[in-house]
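What follows is a group of structures, each given as structure tokens.
Look for chain A in each of the two complexes below; its partner is chain B in the first and chain C in the second.
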Partner chain A sequence: MTSTHDDHVGGERSSPPAVELIGITKHFGQIVACDRVNLTLRRGQIHGVLGENGAGKSTLMKVLIGLVLPDAGEVRLHGRTVQITDPVNASAHGIAMVHQHFSLVEALTVWENVALGDVGRLDHRHIRRRVGEISEHYGLHINPDDRIADLPAGMRQRVEIIKCLRRDPEVLVFDEPTSVLSPSESEFLFAALRRVVTEGGKAVALVSHKLPEILSVTDEVTIMRDGRVVQSGSTGGTHASALAKAMVGRSVVLRREHAAFGVIETDGDQPVPEVAAPRRPAATEPALRLIDLSAIGRDGRVLLGGLTLDVYPGEIVGVAGVEDNGQRTLGDVLSSLANIESGQVLVNGVEVATGKAGAMAKAGIAVIPEDRHDSGCVLDFTVAENLFIADPDRVSRRGLINMATMRAKATQLIEQFSINCTGPNAPMWSLSGGNQQRVVMARELSHSPKVLVAAQPTHGLDVGAIEYMSDQLRNAAVAGVGVLLISTELEEILDLSDRIVVIYNGRIIGEMPKSEVDIARLGLLMGGATSDATTTIGGSGD
Partner chain B sequence: MSNFFSALGDIFTNESLYRNAIIATVVLLFAASGEVVAEKAGTINISLEAMMLAGAYAAAVGQGRAGVWGGLGMAAIAGLVVAGVQANMSHRLSADQFVVGLVLNVLVLGIVGFLVGSNEPASHIVERTKVPVLAEVPLIGPALFDQPWVLYLVYPLVPAIWFLVYRTRWGLEVRAIGEDPNASDVSGLSVNKLRRQTIYLTGMVAGVGGGYFLYARSGRFEDSLIGGRGYIAIAAVIFGGWTLKGTVAGCVAFGLVGSLVLTIPSLGYQAIDPAFLAMAPNVVTIVAMTMFAKRVRQPAALARPFIRGLK
Partner chain C sequence: MPPQRSGVAVTETEAESATATSAQEVRPRSKLASTGEVIGLYAICLFGALAIAAALVEFASDKGSWTTVYTVILDGAVRKPGRWGLTLGVAAPILLVALGTTVSGRAGLVNIGQEGQLVIGAAFTAYVGTRIGGPGPLALVISLAMGVVGGAIWAGIAGALRFWRNVPEVLTTLLMGTVAANLVGWGLRHRSLLLAPPEGRANRNQVSQPFAADRHIPRVTLFGNDFPISILLAILLAIVVWLVLGRTVVGFRLRMLGRNARTAQRAGVDQKRYGIGAMLVSGGFAGLAGGVMLAGGDFGPYQLVADFGAGIGFAGLLAALVARQRALVIIFVAFLFAGLRTGSGFLRATGVSARIADVVQGTLVLAMLLPPAILYLRARRRAIAATSSRT
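For the complex of A and B:
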């Protein structure tokens, strides 16, 4: 699919914009996903599309790449009105999307993935060479013969981008591109993105709900809320809190952003400002004791290597660490989803059987799981069913569920946790991510737990929902629950925790109270290096 | 003890052991080489048995009117008809592929049983054609190259399937949809259409395989002719770890065991009950599958229907 766009290059400023979306409207049933939305993408510019989950930005982009047909509105490319009927058609018009969840087949190699979706004879030499050319040109170095399954997230995204660029699109859409990337990988991505825009003369739309990202990378920004454009203009003339306000429609306390900037600018000598932090009560007995937990994966990999940790009632303990250092297993053990080789789990001094279904929940450990779709809720059940699925006894007698009681109690919880849905009978999938997370939260907290384990509780949520979740965790701690916060987002840990521990290779290798946070040392610990002689880590670095 | 070894020597130097083994292997190869493509695309094509049986019956009927080539053509069409039902039920209407497959197996057996009763098919055996020179190799020479000529069709078929799967764009797309249909969809592949195509291919090849078996083995059509070989072919694919090479090895292994079952009693060794021996292929299948099933990685989306928007 060679496009013939070369004649457009040069003298671009005066010619019509690459993409104009005019008055796009899309209904899903009674919900208006997009309401007369206008969006203009220009060549050589990165255009940020900012909005909370459910603001309509994904739907808008799906209209652009042909996955959704709009009810009303017009799509113009270079001033000409076109009908985009499906992704293949969009690709023919020079529009390509780098997806949030990668569109790569893991069992295939890089070049095979790049070739997918093309037509004509399969010429592997030609494709390999083309991959080489593109990666050279944009600095996206990659070996075309590597298998995707062996590559880390950042490299996979490079493949994804190369796959798009190979068809030489004029318009590139990035949907939450940094959600799976480390900070350095994100930085690299944006540098490459800048090259794609300036050297390739592409128009780029960057969908995101991360404010710092939008501020530092984009030329123009459009903010959506409830399916409408609430603000649009040049990024240069705006700042974080103004964007956030436009995005959620009210002022949010940008603690997280402050914390984030604090980390970057002050290099740790200034502690993060305390915001209504609960004081650690003088409890003598930990709510949760983990003693020397060890777990080995089916492939023989050490998942937990002697993890020891106490959580006292009324405190939030943040487990910081780079992804894949045992966080998931720790969460699984505390949800009775994983077996351990050795070690003990004690709740209020009483040992709990590990690996026995439901034992942890019964002992008073509530869990907000890492993947809410996978293990947090059942999408095809109603909100009410999801609220009582873990403990149906509370709404049933002699094994029969009392529907009226369930609805009444569910309605009560929906109000208490301000869950935005059409009622207790709304199917779970009809809720936005933030509201699904509220349902999980409501279910877990309504058991009056002794311990609350929150694994990546704000992953994929927008600013408003993050604020809500943070408040809930704080309130739980104030109410005397021992909160264990497992997160790979350092800002979140710094913002919420009373005490921070660092997990590395399945062990806790360092600990510091919030008042003594030393960012430099924290960073070192997360990288597996000890900053002082008193802490030792297993395995010598080579 | 020396008796035992002399018996072994007897059996394994017997030319008909290898001849029968090849005949049995080749019918599995026809079926399994199609099946491996369907499975790579994500379908466990249980109706393989029905495709083979329909092919065998069509070959019996077709030979009388259009000769052996015509019979094989009709066998391919008969297999394709069964495949059409399987493919469109499971990859257009998203019906459960196992249920559809099992129903087809029972249905085709019933239809064929009914039709055989009404018109008596005659003998359809195709005479042997000797390939010069190659057939002179001791033991395996005659087994491989002094057979009914329809058997030789499998020799170009297997490399052709390999080329199709590993060297063409279609093959790349087939491998992709069996691993990650969602990613393939996003990349612009028509997942269910491709899956239907792999089943059509399987149907045609398996139908020809059924026809071959009729012509090469007994020459007489009965509804028990295929007798579970479709399932054994599926087992051969699993045994082979979803690779074509492994599948061929699986077919040879199962074919050899099947042939031993025939050869041992025919040489007069009665130490093992023939009825007990007849179970051997199935026992070997189960043992092989439990041994290999865990060790190999199946296509990630195997046996999962693809519906847009569902994970």
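For the complex of A and C:
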């Protein structure tokens, strides 16, 4: 490292920046992923790259680390033009990337993972010492001898960071680093990132579509849309709704973002159906009744511990809670994917068999699953096929599928739900995440369900898609469907629910109508502390 | 592969966990390769294999030269008088086995015990066909139906173990193949089971009583080639399988189960019912192939012997793999495999030693398997690239 670069931001203006991407253009077939994109990363700064899914930010970063070769454009490092041909080459130039999905071997220890890919004799003492040093220097709290399998997601990411830092890169790229982290883990990550930037003098690029993150963490921000840079500048001079507007090209309802910032909602911006209060006449029967559901995992762990909950037609009930408190099992039970030890599930007063293939769907429970690839769609099927997975009888006679009817009905749904694809015969995997989600949504809602279960419905989606999903959920409720929203994102719950319940250790431990939301109490409940005397077992902090 | 999201305990129903592994595999996405590319790839592989085969014949064999190898294989498969009729007779059981493999494969099950299911099917056919009375054609249909039942039972055992006890069907089907071979061998030593009466078997020990002439599968003679009508039945069944898989609700659900078991479970596909059903059909096809071999006359004098399968079960399995489980493509691949078999049999007759002829045939089959493997790997790589660039 040259010492001349080690001074402050002011001095860096004069010396060439760490990375300059100039006029980067990349086509994939007819699609322009990047169109004459410029990006400058400076030492000692965190540079946010913001954009919706498919805006071209990932492609741009792949150009930087050599996974994608650009059709046109120039890459300059410290003012000198270089050719980055592959990731090894990029690494030699001092560029490293922490990917969204980890590539760690679970059975191995931290230092073994760090050493993976080294050639020659393995000096384990040296590597362990080095891991310890880096960990201590940046306050990462990683023990080189821990096994990866024993570490939570946040710690695993730190191991990935150590893998990068060990080669002492000058440029670090983070791709959606918080998508798998809890809020406290994210906070920790950003504190560490800040140390890496200030103490190590590195240049960092942070790819994200979370506005609060960009605003609170970055020094500069570049916003991409449809493969182009639409705005670039210092983060200090901007604010959330301006960023969002630049990102999606139109103003969006920023309720979620406001909630995330702790700005209490001012309700009056959009015609959200505020008929919420009288929506639930006391006389009606619940659309969905869950009575004392209990489920025990293979390892003997209690997954559901007597969960009781009613959802009435026309209301959105938000199930809030910290991850891994039974939400997944609840979703699985309502998708016929898991069975229960005891308890009852009733739809409109009629009991539904649990664990029996298709029973829940048949009874009128629509599900937008937490992981749509897992139980929401078949990636190798066409869009049309995916739209009729649960009910092929609607497009068939005497067991024979009528392809023309199927295509016609699918085309109709594609239009109705504005699914962006090349047609009903497009393979599902060719769609973007947001459009796959729309296919799931279209299918589930077209069966005129009585209950709609939405588990983390906006996870991994961009602002525009989130807005769309939220509208769909509200519309379903207005149409008289009982909506059960299961989410670990509190903002989402606060934004959408008419009634909020809190799940902890597999049961509902508290409830409050939207009008009486008390964030402090909510937080306590999520940590397992009930407001009544029956306070539960020691809080698991995170 | 990226690790699954960490530390999250998932509840699983029994059936779901059984298929969890298959759901997580990266699947090939068959697009991207144009028809021209595919044909080119096959041509290159086939040419390479022929070159290796030629070199083998040239250097490792004292008789025959490489120039003759190509022509001899072609002569033996189609060109010489009567040869393509023979090829059709061999193609019928290969095609039947491959169709069964496709049905179970599309449901996400790996049945690799067709050889055993085929032998059991042949044994059932032999037992019933030599014992029941009645008019010939009816007896033939009944004994072939019993072959279907035999094969279905044999595969059904593996299916039942898979869905009730969670035993991998890859293992059970293969191991049950060995059991089948030995069981039939044992049956061929007992008069009460399969062994022919002493006056019928001359000096041979382990043979069954030959089928009566009125119970043979009728043969058609065309341009000096004669072949059993079972090949027409097999082609008809290929079209049926294609229709059922592609155009019916049952086929739709079966494919759904194979592609994403959890989505299928939620959508109302009963895994046990459909999974075991697919195994029964798969075994049934192999059993029918065994019966057809026995009553068709292209594999010995209408009687069961030890090692009756002659590798037809494995050839059918390979044919299904090469055709990537597409029912109509399988018809052509089955002909190709049958041609290779009859062609290299003819090669043996030219004086090239039997072992070398076997190696030549193996090399050619391997050449047929390479292109799908290459396409699979390429599609997988592109699919991985595509999914990571979409995020």
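Operating definition for what follows: the second predicted complex is superposed on the first by the 501 of 542 C-alpha atoms of A that agree within 3 Å, B and C clash if a C-alpha of one lies under 4 Å from a C-alpha of the other, contacts with A are read in each partner's own complex, and residues count from 1 in each chain.
Going forward, a contact is a pair of C-beta atoms (placed from the backbone, for glycine too) under 8 Å apart; a residue touches a chain by one contact, two chains touch by 3 or more.
For clarity, every value in this text was computed on a predicted model and none was experimentally measured.
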Chain B versus chain C as contact partner of A:T235, first or second or both or neither: neither
Touched partner set for A:G355, first chain B, second chain C, both or neither: second
Contacts of A:T458 with chain B and chain C, given as first, second, both or neither: neither
Chain B versus chain C as contact partner of A:N505, first or second or both or neither: neither
Which superposed partner A:T382 touches (first chain B, second chain C, both, neither): neither
Partner chain in contact with A:E106 - chain B first, chain C second, else both or neither: both
Comparing the two partners chain B and chain C, which touches a greater set of residues in chain A: C
Touching partner for A:P87 - first (chain B), second (chain C), both, neither: first
Shared contact residues on chain A - chain B and chain C: 102-104, 106
Residues of chain A touching chain C in the complex: 28, 33, 53-54, 58-59, 62, 68, 100-104, 106, 151-153, 156, 175-176, 180, 295, 297-299, 301, 303, 323-324, 328-329, 332, 335-339, 355, 357-362, 367, 369, 374-381, 385, 389-390, 392-393, 396, 399-401, 403, 427, 429-430, 432-433, 460
Parts of chain A lying in touch with chain B, wherever the complex brings them together: 87-88, 91, 99, 102-108, 112-113, 115-122, 163
Chain B - residues contacting chain A, complex: 167-169, 172-173, 175-176, 179-180, 182-184, 186-189, 299-300
Residues of chain C that touch chain A when the two form their complex: 2-3, 5-13, 16, 23, 27, 29, 31, 247-250, 252-253, 255-256, 259-260, 262-271, 383, 386-391
